[in-house]
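What follows is a pair of complexes built around chain A, which joins chain B in one and chain C in the other.
What follows is the complex of A and B.
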């Protein structure tokens, strides 16, 4: 499928924003107000939906007239643009959004035309799919690895670098036993959460053990 | 990519371009004077009186002069000279902001932050840069004394600081060594129309493996660049043409820290100390490219202009010879990023650096704190697209070089947490090796962005005749 690159899915959703002249605060402004309160780091609601590589929400007001010889044109509606790259299939992802970050979903899509609410998750999934813009090709800025696999790989890479730094040049038997300890540490290490600090800090490098190396983490 | 616009002329007007822009002077000593402008009219007259002394790009058919003089201005300096607002507003934003304000992009934080800079940079008072190069220290002093007199009597500016620099004397002769012991100054690019003693390996890599000059607009304003576009430049065009932008950075070198680190790591590096030093930057300390001679330095190769910059990394993508993150490979990646080198042609800078401070030979007691380092000066048509990109993306970040967050080993702002991986082979003397706990070998002590006008532009500035309409 064109929206899928390996195990990673590229989702683009355009949801028309409600146009209500009677509204006290227009719906596009309400969405923007809410979006401006969202953290952009690991405390973003989307980090709770842990299969998310990246996600972005934007209000698209209109097409910009750039002057003659272009024609002046306008969109029929304002749109909420939702982009996400995530692991796995679309139904599962949308279901997780509905179940794991209902407040965020409600705060955004309640300002959109045709939004059915979250009482019926299948209706929400069907609604988002109706707003989906499919593609024949998309640029996947991640390799074919899940978020968790990527974090794990970073943890191991960083840990291995530290292991090499601390043990290079030692006699093979010492390296071997140090490696056994390192590998045990890797295997038993708890998985990292997105945005976790100190990706390379494995138990085998705990304070005291790294003595003799200058200025390390 | 267009090669049409740029190739339609064959020669630049060397009498209109400051000589410092077109060539490295290779004089043994230099002094950079920093002036504060105190009166616009009088400062204009001072500039007018200096114009005929400014060294241009003309060939030295009568032999090398005793000394040279060049001039450049910060944005603040141009405002102090009362340039029209319409002109001032037309300069690129990074030049308007100045280097200090670009700290976030340049990673000039921590030990490199402006609170650690020399006092003359604390307020925006260094308005003018006067670069004086001379054949001897005596000539330099006498030239500067004459200049000082002219400046003092002008009533329009005063000298607020002077930075001496000079070639390190090595084995009794001025050399191109820097304080860590490396031979420096290889690899400045060639540009179309710039008449220069060219070497294969400079300029841009062509599909057939030969090297060609870069478009003039990568160095000078008013000419087509590698995209066939004119670089962003101020109005009127006559003010911009034949001018360029200069980065000035005083880079303090922690010589003791560097030597101790190299000594410490070489104890467990099987290839030995000199090979490790070579793996750090990509050249043996005599200048031999490690890509061409991975096992030993080769003085003949280091001196051979047909070979010492003529190499690529396409056959060494694993970094078995030159590590993928080595300093010269990160800052001038040649073909290392694929596409036959096409990704880097708009990121090239022309360096005009000189060391400052007294060189302490290897093995003698040395400190970090003594005044020693490099005055890094680089010229480019776009500070944003060229220098700032190299600094931000290739020195302080490693993604393009497939080095993740690892910074440039030699000049990165590591803060004690840096890491540098040396790739290797099965050869016992060329093993993979991990350098951790990297400190800052180099610290920023000040600097700014300067506009280096043409002679014509200097006349306009001196006459108060810059007209943006």
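What follows is the complex of A and C.
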């Protein structure tokens, strides 16, 4: 199925935006205003739906006219485009969105035609599926790792580079015991928050730095 | 704030019109591309695209709910979404240089597509068909797709070393440690702040 590549699912949704000439703020503007206030780091709602690798929301006002002799035509509705790349299956993902980030979902999709609200999660899942488009061709460069596996790998990569730097030229027995401490630190480190701007620091290095500064080093 | 960019990732969204009979040619091309992996080699080798997709919307298949007026269109449309690393200009330049044949096979069926080489009209066409992103999220904004792949290689190597080197005498541990360093040295580049660009 073209919506999937390995264990990654590519969701494409076009939700028609409400058109209400009486509205004080038009619905497309309201969506954009809300999205402009939404954090994009670890405080993002998509960080809570932690299987999300990457996601975007775009208000598509019209199709484009590429110039003559092409025919000029226009859409009758504006559409909210939702593109997401996530781990696992669609039903689980949409259910998580409804249950874990209801405020964000409500703030965005309440401006769309046919949105049933979130009281009935199955109705929301069915609604999104009615707006879903099948992907014709989907490419995922890394398609066999979850978000959490990737965050952990990035944390280990950064930690190992730091470890090597700190332990250059030390005798083997010292490096060996430092490595045991490093690896213990890796295994007990709390998972990184998706969306955060960096990989943070493993506890073993934080402790080392504190000890160094105490020693006046 | 550049909403198309989050950290090292750029979200491109573009839409192009196509005569409906031509979309079948594009579908056939994608079908072949999807089933013959070696044909995706150039896309993989570019190695700065996390995720990309093409979605063809037939003119009668725009989602239609409740009393929303039905669309009345002459063209089918092809949506293109890419999540890539680097700047817009670098991306289009690389696409044009490395994938020109493949891109032409995909987009030549879109109205007024000028071809992917020379690059100036190609960029003008993409700019015309592109939408700005209103909201863009990535779980690992500081990492490129090359960083992600390197990190998984490092994790595999160091996990194996941690298991194998337990309880070894220091000298043997050290030999294994040095082998580990040689194995991962090319994959230890620091992730960090992205460069500024457009």
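The criterion applied here is as follows: the second predicted complex is superposed on the first by the 195 of 217 C-alpha atoms of A that agree within 3 Å, B and C clash if a C-alpha of one lies under 4 Å from a C-alpha of the other, contacts with A are read in each partner's own complex, and residues count from 1 in each chain.
Note that contacts are C-beta pairs under 8 Å (C-beta built on N, C-alpha and C of every residue); 3 or more make two chains touch, one makes a residue touch a chain.
Only a predicted model underlies this, so the values are computations on that prediction, with no experimental measurement involved.
Contact with chain B, but none with chain C, is seen for A:169 once the two complexes are overlaid on the shared chain.
Partner contacting the larger number of chain A residues, of chain B and chain C: C. Contacts of A:161 after superposition: both chain B and chain C are touched. Of the two partner chains, neither chain B nor chain C is touched by A:119. Judged by the document's definition of touching, chain A residues 157, 161, 164 lie at the interface with chain B and also at the interface with chain C. Contact residues on chain B toward chain A in their complex (touch as defined above): 264, 267-270, 404, 416-417, 419, 421, 431-439.
Chain contact summary for the complex, chain A toward chain C: residues 2, 8, 10, 12, 14-16, 31-32, 35-36, 38, 40-41, 44, 46-47, 50, 52-60, 63-64, 66-67, 70-71, 73, 75-77, 79, 81, 83, 85, 113-114, 130-142, 145, 147, 149-154, 156-158, 160-161, 164, 171-173, 175-176, 179, 183, 194-195, 197-199. Contact residues on chain A toward chain B in their complex (touch as defined above): 157, 161-162, 164-166, 168-169, 213-217.
Chain C contributes residues 1, 3, 6-7, 9, 11, 13, 15-17, 26-27, 30, 33-34, 40, 43-44, 47, 49-57, 61-66, 68-75, 77-79, 81, 83, 110-112, 125, 128-129, 131-143, 145, 147-152, 154-155, 158-159, 162, 165, 168, 170-171, 173-174, 177, 181, 184, 187-188, 190-192 to its touches with chain A in the complex.
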